[in-house]
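Same chain, two partners: subunit A is paired with subunit B first, then with subunit C.
Moving on to the complex of A and B:
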C-alpha cells in the first residue's frame, strides 16, 4: 500500500460538479473528483501497487497540461493499467463538465 | 481436442500445456517464467487477439508482480478447465478455512438458483484447477459471470447486494460474447458509461451488450 500526493497550483478554473467513477477491482481504480477548497488542484492516490510514483506523476503532469479545473482528486487504485487510468480520468471529467 | 467452437479456449479458462512451452508475445521472457512453468505447467487465457492456431495466455509467478503474457500453440493444450467447473469441493480440506474459499462456499449457496454460468477465476480458480496453493489469507474472490444476454439492472443490483456483503471481497467480471466488465460498476451505475475490456483494448460505452 502506498500513498502519493501531487499539487497543481496552476489549475484555477472553478468547478461546481462532482464525479465518482470506477471501482476498486482487479486492474481498475475508483476516482472521486470534486471542487477543490481553494485555488489549484490536489491529487491524492492510495494504491495497492508500490513503486509507481513516477508513472503516476507522468499521468497527472499530462492530465493537467490540458485540464485547468481546480479539483480535488482522490484515487483508490487496485493495479489499474495505464489504459484504464486514462479512461477513468476521462470519464470523471466528462461527468463534471456535463 | 475436438474442433467444436465450444471447445475453443475462452478468456479465464485455465490450460494445461502438454509441452510446457509458451512463446514470447512482445516482451522478452523474464527468468522466473521458466521456473514457474516447470513448477506448474498451467496458464490462463488472456483477453488478447492471437494469431491463427495460437491462444494468448498468461503465466503466474509466485510474486504478485509476476504476471507475463505470451502465446501458445492450440495443439499444445492438453486440458482445459473452465471457471464453471471449479467449485470449493475441489479444495484440500486444510484450505477450506481461507477467507476467499469460505466466501466461495457461501457464493455457491447464494447462486444455486441463478440461471447463468459462473465460476471462480484469479488465484481461487487457479488453486482449484491446479492444486497449487496460491490463495493467500488476503486474497479477494474473483468471479466470472457469463451473460450472453442482457442482465437487467435490478437483477444486477440484487446480485451485487448479495455478493458484496460476504467475508472476503468479491470481484465479479461479467462476460458477454464481446467484452468483460465489472458487475459492481454495472449495478451501481454511478455514471452513464461503463468501462469494458475487449481483445482490442478498453473503452467506455453506454451499453455493454450493444457495442
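Moving on to the complex of A and C:
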C-alpha cells in the first residue's frame, strides 16, 4: 500500500458542493471530492498497488489541465486503471457541477 | 409497434442488483425523506485494514440511511458487496448495531422504527477476525431487541449473497426477502467443499448451489418469506408491505419445536433432492412453509 500526495495551486475556482463516487472494489476506487479550505487543489491517494506515482501524476496533470476547481480530493484505490481513474474523477465533477 | 411491445418488461425494469449499496438503500425510501448517517465524509473507516496493506473505504462498506418507508419511520443498513465482499469488520458492525439500537430506542419511546438490512456479505471480515465475530454477536442481539417492537426485514438480492455470521442475522429477522439470483446459507459452497470434500458438495456445480442456497429453494422451504423479481420497484413494494405489517406474531427463529420435528422426520438414509425436500419439509406444500 502507498500514500501519494499532489498539490495544484493554480486551481482556484470556488466549489461549494461535495461528491462521493465509486467503490474500493477490484479494479475500481472511491473518490471523495469536497471544497478546499485554502488556496488551490490538493490530492491525497491511498492505493493498494505500489510504484505507480508517475502514472497518477500524469492522470492528475491531465485532469487539472481542464478542471480548475479548488477541491480536496481523497482517493482510496484498489487497482483502478488510469482510464477508470479519469472516468471516476469526471463522474465526481459531474456531481459537484450539477 | 410501441416500445413496450418490442421490449419485454424484464428489459425495461430497473434492476436492483445492478445498483450499488448506497443506491439500493436510497431506492427504498419515500421521496425526499432519506438522510444518511455517518456517511463517507465523516471518514469513520476501519483502522485495521491499512496496517495489513489493504485499502480501506471511507464508509467501511456499510451505508446507514434513515427516513420514511410507506409513511412510517425506518432505517436501512446496506452492505456494499463490492468492498471486501461486504464483510463485517469493527466499524461496519458498530454502524449496523448502533442503527438497530437507535431504532429500538425510538420504538420504545413510541416512534416505531423498522429496520431493513440489505445483506450482501460473506460474513466476518477475516482481517478483523475477533472484532468481526463480536460485531455479529452484537448485531444479532440488537435485532432481537428491535424485533419485539418493529419489524427487521432482511433483503438478500445478490449477487454476493448472504453467508457466514450474517446469515444468522438473516435467520433472526422478522422477514426475509430474496431474489432468484440470491443465495443464503451459513457455510458457503467453497467452505463446505473445503471442509467436507467434493463428494459432499461440489462448489463448481452452480445448479447444485442454487438448488440448495438459492432464493427459490429458501422461499420454497419457508426459510425466507418472499421471492421477488430483480426489480427495484417490486423489491421496494415488498419491503413497504412488511414495514406496514409490523412484526409477525411469532418469529421463525422462535419456532424451535417445529423445525426440530421437521429435521427429525427426514429420512437421511437416501439422498434427498431439493424438490422432494420442499415437499417433505412442508407436508407436500411446495409454495412455502408455515411460519
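We take it that the second predicted complex is superposed on the first by the 98 of 98 C-alpha atoms of A that agree within 3 Å, B and C clash if a C-alpha of one lies under 4 Å from a C-alpha of the other, contacts with A are read in each partner's own complex, and residues count from 1 in each chain.
Here is the rule we use: a residue touches a chain if its C-beta (ideal position, glycine included) is under 8 Å from a C-beta of that chain, and two chains touch if they have at least 3 such contacts.
The shown structure was predicted, so the numbers you read here are calculated from the model rather than taken from an experiment.
Asker: Based on the shared subunit A superposition, would you classify subunit B and subunit C as clashing or fitting together?
Answerer: Partners clash after overlay.
Asker: Contacts for A:15 in the overlay, against subunit B (first) and subunit C (second): which applies, first, second, both or neither?
Answerer: The answer is neither, since A:15 touches no partner chain.
Asker: Is A:1 in contact with subunit B, with subunit C, with both, or with neither (first, second, both, neither)?
Answerer: second
Asker: Which partner chains sit in contact with A:23 here, subunit B, subunit C, both or neither? Use first/second/both/neither.
Answerer: In the superposition, A:23 contacts both subunit B and subunit C.
Asker: With both complexes superposed on chain A, which partner does A:74 reach: first (subunit B), second (subunit C), both or neither?
Answerer: In the superposition, A:74 touches subunit C alone.
Asker: Could you say whether A:95 touches subunit B, subunit C, both of them, or neither, answering first, second, both or neither?
Answerer: A:95 sits against subunit B, while subunit C stays out of touch.
Asker: Have a look at where A:32 lands relative to subunit B and subunit C in the superposition and call it first, second, both or neither.
Answerer: Second partner only.
Asker: After lining up the shared chain so the two structures overlap, which partner does A:83 touch, if you call subunit B first and subunit C second: first, second, both or neither?
Answerer: Touch partner of A:83: subunit B, not subunit C.
Asker: To test your reading of the overlay: subunit C has the stretches 20-28, 38-46 or 254-262, and exactly one clashes with subunit B. Name it.
Answerer: Between subunit C and subunit B, the clashing stretch is 20-28.
Asker: Once the complexes are superposed, what residues of subunit A are shared between the subunit B interface and the subunit C interface?
Answerer: Residues 20, 23, 25, 28 of subunit A touch both subunit B and subunit C.
Asker: Given the complex with subunit C, which residues does subunit A contribute to the contact?
Answerer: Within the complex, subunit A touches subunit C at residues 1, 18, 20, 23-25, 28, 30, 32, 34, 46-48, 74, 76-78.
Asker: Please name which positions on subunit A make contact with subunit B in the complex.
Answerer: Going by the criterion above, the answer is residues 19-23, 25-26, 28, 49, 81, 83-84, 87-88, 90-91, 94-95.
Asker: Once bound in the complex, which stretches of subunit C touch subunit A?
Answerer: Touch list, subunit C to subunit A: 20-21, 39-41, 50, 53-58, 61, 80, 82-84.
Asker: For subunit B, which residues count as touching subunit A in their complex?
Answerer: 65, 122, 140, 142, 171, 173, 182, 184-185, 188, 190-191, 193, 195, 201-204
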